[in-house]
Structure formats: C-alpha cells, structure tokens
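For reference, the structure discussed in these notes is given below.
Which chain is which? They are A, B, C and D, in the order written, and residues in each are numbered from 1.
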Amino acid sequence: MTQFHENTLKNPFSIRTDLAIEARELAQQEASAADELEGVDVKTEETSDYFLTHVRILSEEGSRLMGKPKGDYITLESEMLKENNTECHKKIIKVLAENIHSLVEFGKDACVLVAGLGNWNITPDALGPKVVSKILVTRHLQGSLPQEIEETVRPVAAVSPGVMGITGIETGEILKGIVEKVHPTLLIAIDALAARRSSRINAAIQLSNTGIAPGAGVGNKRMMLDQDSLGIPVIAIGVPTVVDAATLVNDTMDCILNEMMAQTEHGSDFYKTLQSLEQEEKYQMIADILGPYTGNMFVTPKEVDAVIDRLANIIANSINIALHPGVTMEDINKYTF
Amino acid sequence: MTQFHENTLKNPFSIRTDLAIEARELAQQEASAADELEGVDVKTEETSDYFLTHVRILSEEGSRLMGKPKGDYITLESEMLKENNTECHKKIIKVLAENIHSLVEFGKDACVLVAGLGNWNITPDALGPKVVSKILVTRHLQGSLPQEIEETVRPVAAVSPGVMGITGIETGEILKGIVEKVHPTLLIAIDALAARRSSRINAAIQLSNTGIAPGAGVGNKRMMLDQDSLGIPVIAIGVPTVVDAATLVNDTMDCILNEMMAQTEHGSDFYKTLQSLEQEEKYQMIADILGPYTGNMFVTPKEVDAVIDRLANIIANSINIALHPGVTMEDINKYTF
Amino acid sequence: MTQFHENTLKNPFSIRTDLAIEARELAQQEASAADELEGVDVKTEETSDYFLTHVRILSEEGSRLMGKPKGDYITLESEMLKENNTECHKKIIKVLAENIHSLVEFGKDACVLVAGLGNWNITPDALGPKVVSKILVTRHLQGSLPQEIEETVRPVAAVSPGVMGITGIETGEILKGIVEKVHPTLLIAIDALAARRSSRINAAIQLSNTGIAPGAGVGNKRMMLDQDSLGIPVIAIGVPTVVDAATLVNDTMDCILNEMMAQTEHGSDFYKTLQSLEQEEKYQMIADILGPYTGNMFVTPKEVDAVIDRLANIIANSINIALHPGVTMEDINKYTF
Amino acid sequence: MTQFHENTLKNPFSIRTDLAIEARELAQQEASAADELEGVDVKTEETSDYFLTHVRILSEEGSRLMGKPKGDYITLESEMLKENNTECHKKIIKVLAENIHSLVEFGKDACVLVAGLGNWNITPDALGPKVVSKILVTRHLQGSLPQEIEETVRPVAAVSPGVMGITGIETGEILKGIVEKVHPTLLIAIDALAARRSSRINAAIQLSNTGIAPGAGVGNKRMMLDQDSLGIPVIAIGVPTVVDAATLVNDTMDCILNEMMAQTEHGSDFYKTLQSLEQEEKYQMIADILGPYTGNMFVTPKEVDAVIDRLANIIANSINIALHPGVTMEDINKYTF
C-alpha cells in the first residue's frame, strides 16, 4: 500500500492522499474557490452503477497545485464494489478494461508485466498480490502453444515483489531488476492506497499512467516506478483500502462539530479556533496528537477479507480482458477463482 | 468476540466494556469518588513483566454497580503481550496457568471442554479458534494410552463452534448440545473482547469464573454460557483485540480537547457543554453520530495477525499446562506450533 | 473423510470402497458374472457432460452383496469436475440440485442442517468444511426478514464439527448434540471419500440417502450418522479425493503385469500365482506389505487445492439451489466465492 | 521443488535424484561393486539424533559417475525431523548452522540473499517460501540501527521468486535480476526436492555448494543458479518432500517381488526378466507405463502441512544463527513463529 506497507517511522500522518479526486478536493479548498484549477482538466460520467472521474493534469502548474505528476487519473467510484452484485461488477470490469487501453497504447503482441505491490500478510494491503494470483500468465508458454491458441493470448508475466519490511530490498529495485531481464513493453502495478475519506474505503478504483511510488507518501524517499526509472510506461491501479486513525478522527470531528454547533453558541472561541484552521493544518494537528497513541492502528471494515477478494477479482478480470485478445466478457471469473 | 462477532443490527455502540477493570473505572467515575465500590474487592500485583488485577464482585450491589455477575475477574496487563519476548511470555504463561486453577476447583481426572468462540474468518475475532487449534486434545485417547502416559494427561476435548452468522445457530445452543453429550466437568471458553480504551488492545488477558455471553453486550439477548445454563462451571478467558470507531474517536477527542483547552479560553461554552456530559453520555453521542457512517468499521493494529498468533500461543500454553499434569513449563510451544 | 480423517491405527488398508459404483464392481467380480446382482437395481444416464449411475439396494441380500445399507446411491462421474469448465459445471449443479430432492422429500419450510465432515487442515479432507463455508445460512434470520424475502429462503443452518483427532469427540456425538438443539428436518452431510480407482479421484460425486459413518471403513467402530441414530433422514454427499498407496500400487501393478505378459511367457508360475488371487486378496496382500512402509502416505493430484475449491463450489451451489426457493441457476457463485 | 514445481510436460519420470546420497547409491549399483567411486570422497558421522553424510565430488570422473557437479554435498538424515522433538531439533539446527559456514566462506559483514524457491500454493513445494517468511531480514535497516545492534546483525535480504507457472518468468531470470541490483556476496537457495526412496520423504536435509537448477531434472533446460550464472557462490538447502508415483510403485514392487519369490519358483521367467533389468531401466519402464495415468499424482504423508512447517522452522533457525552474529541457540524460534 502506497502509504501503508512500508515502515512509517517518522510522522506517519503527514500524508497526502493517493487519490487524484481527493487531491483535487484539497487543492480546490486551498484555492478556496469553486472554479477550475489551472492546468487540471476534469471530465465525469455517471451511470446507475458507477461514477467515473477523469482528471487530467496538463501543466507544471496543475502538477504543483495537485501535488501529483502530469498525466491521466481515472477514478471509478461505486458503493457496489463492496457488494456481491455480479451484474454491476460486469459493467465495472468492462469499463476498467477499456480504460486500461485508453491510458497507454501498446501493440497486440507486446509483453506486459503485472506487479502486485503490497504485503500479503496484511489483509487490506494484500490486494496487489491477490490480483496477481488471478492473472492469466502466458509468457512462458510462448512458442509451445498451438498457433490458433497463441493468437488469443498476449505474453503476460506477473510478480508479487513483496514489501521492504519482508524482503530487505526496495520494491523498485526488485522490479527494475526483473524488468531488465524480462524486457516488457508495459508495467501494470496494482497497489492498495490510503484514502482521506472513510467513505471511500473499498469504494473506488483509480487507474493512472503517471507511475507509482511505493511508500513515497510517508516521507521516506523511495524509488518511483515510472517511465523515467524503468524505461517503460507504467499503469498504476489502486484501491483505497484503509484510512489511518487520524483520518477517521478528522472526518468524525467534522460531523461532531457540526452537530454540536447546532446546540451551542455559534460565536464560541473554540469554534472560531477550529474554523480558522486550514483543512490540512487541522488534520496535521490531529495526527500529531494521535501519533504516539494510534500510530500503528488502522481502520478497516469488518468484512475486509471478503471485500478485498471481490476487488481483486474485479481488477484481475479487467486486466485479463484488457490484455488477452481471446479473453472476453464471456470468460469472467474463468481464471480468477 | 463478545461485542463483535454477532450481528450488531441495532445501535452497535451501546456497549459496555467486557473488561472488569474498565467496568470498575466507569463505575468509579459515576460514583465520582476515589473510594472503593461497595461489594467490590480489588487486589493488584505488579512485577516488571505484568500488572495483575483481581476484581472480586461480592454482592448484588457490587454486581449492579459494575454491571457484571458476582464472581472473580483476574486481568493481566502487559505491553509485552504484543512483543516477541519469550522470557516474559514464559512468566505470563506460568501465572495464567496458576490462576486457571485458582478460579475453579476441578479434580485431576475431570474432563475439560475447551471452546474457542469467535469467527475464524475475521483476524481479530479468530483468537478463540486459534487457541483451540493449539490445545493438546486427549479425550478420544483415553483407554488406548499406556498407563504411564495416561497418568500424565487429563481427558481434554476442544471445539470451535463458530458464530451465529456462520452457522445460523446460537453459539450457546451448539455448546449446550455438545456439553450434554460429552459431560465435561468444566468449560473453558476463549473469546476476543471489545475494550473501551485503545491502549488496552492486545495488551490484557482477562480470566473469570462468571460465565460469558457471546454477543450479549450488543443489545441482543443471547444465551449466557455459565453454570446456570450449562450445569457446569465456566472459565472465560478473553483478550480485547479491537475497539470500535466510536471508542477511538472518544479517546482521541479527550486528548484533543485537553490540548485545545490549553490554547483557548477555559470558560468557553463549548468546553462547558462537553464537560457537563457524563463519560457514558459523551460516548453515546459520538456513537450515535458515527453510527450510520462507521458502524461497520473497526480499529486494529497493523500487525494484528502476528499479535493474535502470539496471544493464542500464550493462552494455549497456559491451558495445556493447567490441564495436563505431564505438561510443564519445559514443554512450552511443544503443542502450539 | 470417511476412510481418511480418523486415526487408522490398525490395518489401514482393510478398507472397502465408499463408492457404491465401486462396491458393485467388486461384488460383480466376486459373483464372477456379468448378470445383475440380486436386490440391486442399476440405472444409468449419459450426457456429453457427465455419466450418472443410480444404484438402488432393494433387499437385505443386495445389502449383503454390496456391503452397504439399503437405499439410493446416485453417482455423477465427469472428468470435467477437475477442469475449469463453467458451462459444464452449471449442468452438473442443476442435476445435483434435482437429485438432492429425489433422495429425500422435505417440506418447503423444513429446517435443514448442513454438516461439513472432515479435517480442515488436510487439503483433500477439507471438502466438507469448504462446502459449509459457501452455504447460504438463514436459520438465525427467521422472523427478522421482510415477508417477501422470507419466502425465498428456507431456514438453513451449517456446521463443520471437525474430526476426532482435533476435537477429542466423535463427530457423531457432536452432530447428535446439535441436532437435539436445532431440531432440523433433514441433515445433509458432505465428506471426502476414499476411492479404489485412482482414475476416480476428484472425478465423481456420490449422493445417497442411507447415512454415513465417519471413519467406519477403517475398522474402528464409529457412530453411524443416519435416521436410526439421529432420528432424521440424512443425505450424504461425497467425493473421492484420495486413494491410499496400496490402491495406487494395486492399480499400476495390474497395468504393469499386463504390459509384461506381452513380453514374457504366458504360462509362467508367477503370472499364475497372481492370476489365482481374488482382486480383494491381492489388494490385501499389497496393503499388508506396504502397511509399515506407506501407511501414512496418500496419493493426490498436484493441483489438489484448486480442484477441491472447485468441487466445493459445485456442491455448495447445488445445495443452495436445492434448499432455497429464491436461489436459482441465475445465482450461481453468488454465495460461494 | 527441483523436480516438481516446474511444468513436467514430457516424460515426467526420467528424473534422477536430487540427493547426492541417492545418486551415490545408484552409481554404486551401476558400478556393481561396494568399493569407492573414483573421485568421490565420503565421510559419515552418526549421533543418536541424526546421521550426517558428507559427499565430496573431487574430479570430473566423479562428477560424471554421480551425475552431479563437483563440490560438497552434506546430508543430514533423521526420522526426528518429522517429529515434534524440540531437543533433537536444537542439535540439528546447531549442526546445520555450522555446516552452512563450512560450505562457503563469507565475511562477517557480507550481504546474503536468501531465496525460497518453489510454489507456495502446493504444500510440499512451499518449503522455500515458508523458510523465507521466517528469515530475520535486516538489509533495509543498515544505517538506521544503533551501532551496538548493527554489530549483531549482518545485512540479509530474502525473496520468494515463485515458479514459472505462476510468474511466466524463469526463476533464474528473476533471481539474476535481483542479484544484479542487490549485489549480495552469497545466495542461499532453499528448495523442496524429489527423492527416490519413499522412506526419505521429510527425513533428510541436504546442503551443497554446487548450485541448484530449478526444474533441471525434468528434462527441460533451465537456467542453473550457481557461481557461473550469478557470479556469486550459492548454497543450496533442500529437503525431499515428495516422491512421484513411479518411485512409490518401484519401491513397493521390489518389496512385493521379494515377498513373492519366497512363495514361487525362483527360476521363473518373469523373475529373470525383472532381475535382468538395471535399476534405472526398471524405474523407467514403470514410469513410462504410469505416465499417462498418474503423471499428475504425487505421494505425500497425511500430516504434510505440519511437517513442512516444522522443517521450515528448523532451516530458518539454522540460517538465522549462521548469518547473524547476535542470533544464537538461545534465540531459537524467536524469529520463526
């Protein structure tokens, strides 16, 4: 998980969000205006099953405002991601598969490496490794398959490199080493993310073409996984699966304060004190207070195991369909049980 | 888990604590006095490795004040429970094994049934089933063992009955059915508990001889597992492994308010509003606000899998030593891998 | 597993087969004739997806010849059970669901208890517990569901009682205790079986209405799970998931001898010696020789985990469809992920 | 597993053994003499707890006779490896840790990479990944530890690269890529092996300094993991955890034939036919016959999960002690739970 699976030794809460849609909300707040951010283009699409937001960061200024690299960030939001709703999941799989192609162009025989980032021992961080276990891997069969089958599958390899606490090695080092041997045309990296709104946990999937930095958010410098470092394009697929304790308190403090204001005097000094705080400052203050106390806690839904399995299924199906010409919507769950 | 693994359909947060030491804290607060509660006897013992509190509820009045049945509640607290500290764990295993015997007298050949309550699919609720998987089970070998070995082991049976959401059956019904077939002299039930202080998560083990009510705390009436319902004495062993989101917010609100008071005007109306709330009222208000929002969330440490395994080891070792004459401190971890 | 999960202390190989179709083959061989066995009725049905054999033991004589109680034994055989063939599995789920109803009549509101026998720690014996984890359990929701939903679901409970080596208690005792509390109308028990032909491993599902005896085959007397012992009808669903080492050697000795006979003198004394052995005698001789050597070995396919998962899915889907009026072929895999 | 986890498409049984002690037995048989093989030095050591054989292949001729590269092969045999015997395991851990140092010299600050080969989804092939999960990994902490602690630990990294069927990439490619980034001084590779005697399953641990070839035995050309390919010395640690079906039949055919010869005429043509076969020819004939029938079967003890866990513990403890100056026999199981 980008803010989760690496050691978060100092100041675990000085995180920014992994989600472009949240970064945009924060940036808008700071700009204290409803008008569009310069250099940031946003398109949305709503269906009965999901809400799709395409954030495109076009300029250096947009990148600075958003705190994220230039490029495309597509976020699919749906409460149905958490439910056992096969029909809705089919539609989501379809739109994800299409958007994988929209993010990076790659030839029909190009070799693709799928990397499941995260720690398989911690359920909400195990999303990436779970997706990898459901990918239809074919690279090693090239040349040994009958011609008619060979045409239905692209060469695909898949690895779960682990996290630094498990391997002693930076995830980026391991992947760079493998990329230099396998020479894929494209890397697809799946990772669990941290969100800044409890309501988004397991309810959003973000696709981007700007690379991913395992652990970057936590203040440690980490090797970025992107075109610059690896020499190939990178599609990152992420799902916010936890919030930290400070986020939970921050969110609920807002609810509680609103509630209380109704019962107390509006002009109270306490309210003014709080109101005068920037959103980010307030979060930071809470994080600082909580630090020694809950630094090691995270907040997760009770049914997290089942939900992570379901999300891994959805993502793996959409990757299998996006990559292999012969795998279609008819084959959903054929390779992912 | 007593407040956790059963459906918590209505008002999940109107819980009281499972821990007698916390019930006493709350009762003391309500009595708004530092003096002893009537009908409640408390003894403590401190070593460099753990802190032991023996709460004895002696009268109906004590029971009413504490909201718990008459009887003995022994709580061992140690931050070392969360650490990989073999030497310290040995001392804890020893004191737990001794206290199992102090709670209920049972003959040296008496058959004991060990029951691991909780949901094996949810890590922090899987403590009971994990302990059961490490118990040295011998009841079925009675009569087939050589005389000299037979003398070293007591007849012990062990089951993990599951939770109602998994089986469709009340845990108490299943255990009563089994008790009526097996006719044990004693039931030892292990369960994960809910705490009311985040700091106690995985840092305390409570032993009691007053029975246990799976799910009772959550407002649903559940069959109590105790001498009355089962006809045999019951030792309950519990560990607080989660807090709910409301507890976390409640705890941290207290910290934050204290912090803020230092920076703001003491006489503010807001502060007065908060100060005028009883501890329990405040918790309830937070729970009500949070209800629809985080009712399904829980707060757990990141390394929960490893910690639960360690706790299960400690408890299983202490039960094996307490029950089998031939299992001693020399045999720690011999049956619990 | 009927011949597998209980201790097989003495002569682990004096087993007879769990499969009625194999019992019939053996009985036919002993009768050394192709004509029908007295008191045994056999009907078969073949489709492109599976082969169905309905063996009905009608009389005491038939029961004696077959070594099995009177009643119905329906065996579905299909190599596709081992493959990832969704279309074929749908047809198998449908025919299994229909046959569950053909074996025992039960009213549309009757409560059904599903029991997953076997040891969840040993992959090929974990079939029963895996099926149970995929059953749509509803008994505890009766009364709390809206009327229109309540009509779509029957009260269903489900338990995995474990095996004697884990619990210290006979499986039959545990289930009898639970039946006496829950008062179901029908018990459906799922168990892994032992086969006598390696080729049948994971390639057959047997349904019967004559009860099941955990561990009975291995010479230990065990409590039979049937109408007599439990007071309610029992449907047993079994899959042969292992063969013992003696079966493998026996099977392959046959192949090898046939092969060798082509290269050597037909009249050789050795061949005569072997040929003069009854099938059962030969097996017994091999088992005796192998006993001390491989008594603890079993033979299983490499991909056993994936195959057992797939079989558990098929069986759980067919039970869910057979039991709940509102669960149909449209809902396949909705409750079994 | 060297003969197990890679695809064994053609002729899965034309394997030779992974164990030097078995290769020597076979070579001796072919040499049809009890005298020493040229260029092969053998030393043995027996204690009440284990039997240690040090085979040293000194010359090209020895290498040719043994079918193995020049170098050292140390095999520890003990039935106690399968049992829960802590005292005996301690002695085994000690002797293994010493022998790791005897095989390759490496400086006290040298970085070591530990690689767990094999497929984590197949229990008997999961030995390597299980060992890796119990290794005390420290490379990423270098520089951030206090001086006094830093002196007690060597930089150690650890990876489980998976198998080609899972990743689509040769294990050797992945490891070479990682070695080129991490620049370790030594690779320790743990793998499950195939044995040629059922009696050796889980009862032997082999250490060697000649490298290891994942899947080499099965006829596919695979990249060797050794000093030549990786540029650093390689210690391979292997345990035979399965035999194939042909080995089981071969072994038991021998028993059965011996038994039968006592009852039949010694001069029979059949016996002569069998006797005239070389050991290897006979095995090959059985393998050919069995091929289509049991090519996908393996033979494993029932309690395989527990035994593999125990073996992983023993090996991980010995590696931790061998590598880290500050980890001693006092710390057994401290890092391996």
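Definition applied: contacts are C-beta pairs under 8 Å (C-beta built on N, C-alpha and C of every residue); 3 or more make two chains touch, one makes a residue touch a chain.
Since this is a predicted model, take the numbers as computed values, not measurements.
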item: Common touching chains of subunit D and subunit C; value: A, B
item: Per Cα centroids, the chain farthest from subunit D; value: B
item: Chain centre separation in whole Å, for subunit D relative to subunit B (CA means); value: 45
item: Distance from the mean Cα position of subunit B to that of subunit A, given in whole angstrom; value: 37
item: Geometric centre distance via CA averages, subunit C-subunit B, whole Å; value: 40
item: Two or more partner chains touched - positions in subunit A; value: 306
item: Of all residues in subunit B, those that touch subunit C in their complex; value: 7, 9, 133, 137-141, 155-162, 164-170, 173-174, 176-182
item: Subunit B residues touching subunit A - in the complex, by the definition given at the top; value: 4, 121-123, 198-199, 245, 248-249, 251-253, 255-256, 259-260, 263-265, 268-271, 273, 285-286, 289-290, 293-294, 296-303, 305-306
item: Interfacial residue positions of subunit A with respect to subunit C in the complex; value: 84, 86, 306, 309-310, 313, 333-335, 337
